[in-house]
Amino acid sequence: MSEDYTAQELMVTAAAREIRDGELVFVGMRLPILAYGVARSSHAPSARALFELGLMRDAPAPAFLATMGDPPNVAGALWATRMSNVMALLAQGIVDLGFIGGAEVDRFGNLNTSYIGGAIRPATKLPGSGGGADIAILSRRWVALMSHERRRLVDRVSYVTSPGHGDGPGWRARMGLSGGGPTAIVTTMAVLRFPDEGGEAYLASVHPGHTVDEVLAETGWDLAVAPDVGVTPEPSQQELAEIRRLDPQGFWTGRR
Amino acid sequence: MSEDYTAQELMVTAAAREIRDGELVFVGMRLPILAYGVARSSHAPSARALFELGLMRDAPAPAFLATMGDPPNVAGALWATRMSNVMALLAQGIVDLGFIGGAEVDRFGNLNTSYIGGAIRPATKLPGSGGGADIAILSRRWVALMSHERRRLVDRVSYVTSPGHGDGPGWRARMGLSGGGPTAIVTTMAVLRFPDEGGEAYLASVHPGHTVDEVLAETGWDLAVAPDVGVTPEPSQQELAEIRRLDPQGFWTGRR
Amino acid sequence: MSMAEAVDRFVPDGTQLAMGTCLEPAIPFAAGHEIIRQGRRGLTLIGPISDSLFDQLIGAGCAERVCAAWVGNVSEGLGHCYRRAAERGEPHPIEIRDHSNFSISLALWAAAWGAPYMPTRTLLGSDILTTNPDLELVDGSVRIRPVQPDVAVFHVQRSDPAGRAHAWGPLGITEEAGLAARRVIISCEELVEPEVILSDPNRILLPETKVVAVVHEPGGAHPSPLQGFWRRDHAAYRDYAARSRTAEGFSDWLEEWVLGVSDRAAYMAGASRAELAVQRHLLSVPVDYGDE
Amino acid sequence: MSMAEAVDRFVPDGTQLAMGTCLEPAIPFAAGHEIIRQGRRGLTLIGPISDSLFDQLIGAGCAERVCAAWVGNVSEGLGHCYRRAAERGEPHPIEIRDHSNFSISLALWAAAWGAPYMPTRTLLGSDILTTNPDLELVDGSVRIRPVQPDVAVFHVQRSDPAGRAHAWGPLGITEEAGLAARRVIISCEELVEPEVILSDPNRILLPETKVVAVVHEPGGAHPSPLQGFWRRDHAAYRDYAARSRTAEGFSDWLEEWVLGVSDRAAYMAGASRAELAVQRHLLSVPVDYGDE
């Protein structure tokens, strides 16, 4: 890893590039809040952010946020309302992009944030869905953010909290899921993408300082590698400045 | 009719007596607004009023209201909200009493405010349910207010907008209606009541200036007469003063 | 944007149109009159209780379908144009999909939440179930089909140019109608700076992403009342009720107050309108959005 | 009424209790701590995301069931007491009825509206459907069973003594939880005259007829933030996360901050709490409820 930025900072800029200008983005917590700020400050100045507790914003809050409910995220909001009103936009299919953090993901992009080792007396009880399942099912497309570890990128998750592409292409349509599903998994080592028709993730780019072999070794299935697999772009100085403006202590980006 | 008050003023005071202290009352429009004011000013000082457009009040608005949405009904309200929030209280079975105005009522207290002469090319198209059907189905009990005319008090209505006791005792429970149904019909001539178990209306009292025979002649079915049928109490001076404070022009009470 | 432009661009023939969602107050009469002037046809009118706006649109021949709980004139009684259309097919027949107030609200919530239908226990035992094909009795409860307006029009007290609107007073079914609608047109009494609106984000009615037009239209709700701005013009409702009893009387009324009037500014001119302005002002106590 | 009296009278053992309905802000920690002090047992905890309050109640042995979308510590991650209860049955086993944020909201709306269930297209394809008996897949959509809390507790910015509360900021599922609940307990930062509240009836959270207790409890949401009053105490969440990693650490924390503390006034005493008070005040522009 370069000395100039952390793995989390690179994840933030990679996630920011997933946001297109003018989009309505279901932001959620942690790194996506920073990614939204980076995108707004560069290539997506007219994006809008939704927060499930009941907020819409244009500019990101000009202060550090430990949660989406911190008061600076409310002052200057474009809408402070009920969760069900925000979820209405998601359910209507007019939210372009959502972000979800995952504890465990599989080759089809299914996320488990509920139970490791079965729902009855689990080995690990994770916090649960929050809004993750809603975003995964209803947003037009979504992106997962993960720590890249072999125990977290598994062949098949044992419990699907937030469905990705199920068991392969066509699964979402068969099951009646209205949104398009995951398009990328941004990890601490790489960016994985999905084919347009859904299905199985493939390695699209490796972060600077990591190798394809290293990524494959830390992935729990036989990960396909894109013929044109490249290197994930590094954060620009401008992007890093925006990240550090929003998270001056490095609370979310590993500099604390 | 006495020279001292109008038929509508007597209806207002008769309706007011249906309100018990502490009750939550779905008031609606026209005469019931006045009845609520009379009840609050006399025997029901801690009643609460709900208006379906999204209001709760304690004291009645201190000004004339042509509609429940007139600004004096909003200033000083205890809650200004959405209709669906007010309907929630109705649906939960915690609204004690509702009032409904009817164009046509039958022996079982079913109201028609939709179509006279069939729904296809009707002879008369009436305005429709408004909140009437909701009150009729969901409030704990309700009271109808009517002009007493043979063409309006009919054996069976041809279209049930707001269900009363259907076709007799037990009908509401069979159909799954949660509220208790109508307990009285206050007309321009009389007060009709229903047995506790529902079923068919009977004549409970006749307004001063009218007779039992006159009421029977203006009723479109063989109306049962209570053994103890009495005379509806006249409005007191205090009640009339309250009515005339709230409707100084007699807009609703026939003095205009 | 002018009301003429908003209606021209966003309310084509055949629009499923929600209006009058606060029930008696804040009815967007100015928008309705412009729709009549532009000769729209084939509209579906969606609302709870329109207090004569729907009656006017029906009388002017704009509507082919009504999806509402009550159509008439709240202080005066029957809707005479509605009666002529339903009873005699004049000026042309209309289809009526009866609702109750609660059921039209739930139909809009179903659309807002992308639900396949909304189950409820209201309307059990009512013949409304038998005449509205959007309602179905299944397993002892009523299923209400979603109603999604193409356009909802609201008249509010204030908005900024981006469509962030503050509305207050009883809101009826405004929120669900706006959330369910594909597009929203805001007509406002005052056009204000964004700072005014953003000082109170909880009061913002809808996400700006739903709003396609903001029309600064003072008096746009006359003769209905608007909290803080206008009393209800009872006499105008009485006059309309009397004149609309006959088709000829309605035509005269329409010519005088709609077709022969260029826009809302012309309609509002004159002393009798000005007398309706609220004189007693009652300001809310501010709240503090302090953050740091 | 004191919080001790409110909890004593209205939160018996076995209560189905909704709290933390705004998600991260305005969490009624003071009420939760009093519930722990009074040793309640058998509670069902209902909410979206509790940000460590549910974790504390579970660790203290108060809960037998959790009906929520997420239980943990938002800025720090996992809920360690929740883990111990779910993984090892410590201090005793709990039943978990998983929801998503949207589905718990809809479950409460179903209860609020007396609907037999709420149909939705969220949760399709999620295993949450298979582990929560309150969810059922029928004809291609999900039916959510109504969730009706016995009691909902909200911490708001201001209330009058009759329970007419003004709350602002993001509201999460507060409104549906309050409407669905049989009883509501209001905990407020400021107890104000009715005139303040009634100056803005649109801001009133719930009908007073739902409210059974009003507790004047400044700082009642600490360490969660409250718009206009308190910043979030990130350090307190970090401290709780670190100490609650072990059962012993949690016991120590509980003794220090809950069991060994008489009430919220004692808890809030001290300079570190006072430093969290919001300094930058941002007042809303008033609106006019003028009527005549």
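Order as written gives the chain letters A, B, C and D; numbering starts at 1 within each chain.
Please note the rule applied: a contact is a pair of C-beta atoms (placed from the backbone, for glycine too) under 8 Å apart; a residue touches a chain by one contact, two chains touch by 3 or more.
In this text, all values refer to a predicted model and were calculated from it rather than measured experimentally.
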In terms of CA centroids, furthest away from subunit A sits chain B
Between A-C and A-D, more C-beta pairs in contact link A-D
Chain centres from averaged Cα atoms put subunit C and subunit D apart, in whole Å, by 37
Cα centroid separation, subunit A vs subunit B, in Å, comes to 57
So, in whole Å, the Cα centroid of subunit A is separated from that of subunit C by 41
Taking each chain's centre as the mean of its CA atoms, subunit A sits from subunit D at a distance in Å of 27
Going by residue number, subunit C touches two or more other chains at 106, 113-115, 120-121, 140-141, 168-169, 171, 175, 202, 227-228, 231, 278, 282, 289-292
Two or more other chains are touched by the subunit B residues 55, 70-71, 74-75, 80-81, 84, 87, 91, 138, 178
Among line, ring, star, complete and other, the chain contact graph is other
Chains touch in the following pairs A-C, A-D, B-C, B-D, C-D
The answer for subunit C against subunit D in the complex is residues 106, 113-121, 140-141, 157, 166, 168-169, 171, 196, 199-200, 202-203, 227-229, 231, 278-292
Residue set of subunit A touching subunit C in the complex reads 24, 48, 55-56, 63, 70-72, 74-81, 84-85, 87-89, 91-94, 138, 178
Counting only contacts in the complex, subunit D reaches subunit B at residues 112-115, 164, 175, 179, 198, 201-202, 204, 206-209, 289-292
In their shared complex, subunit B is touched by residues of subunit C numbered 22-25, 48-49, 51, 68-72, 74-75, 77-79, 82-83, 86-87, 89, 96, 98-103, 105-106, 109, 120-128, 131, 140-141, 168-176, 224-228, 231-232, 234, 237, 278, 282
Residue positions on subunit B within touch of subunit C in the complex are 29, 51-55, 66-71, 74-75, 80-84, 87, 90-91, 114, 119, 121-134, 136-138, 159-163, 166, 171-172, 175-178, 251
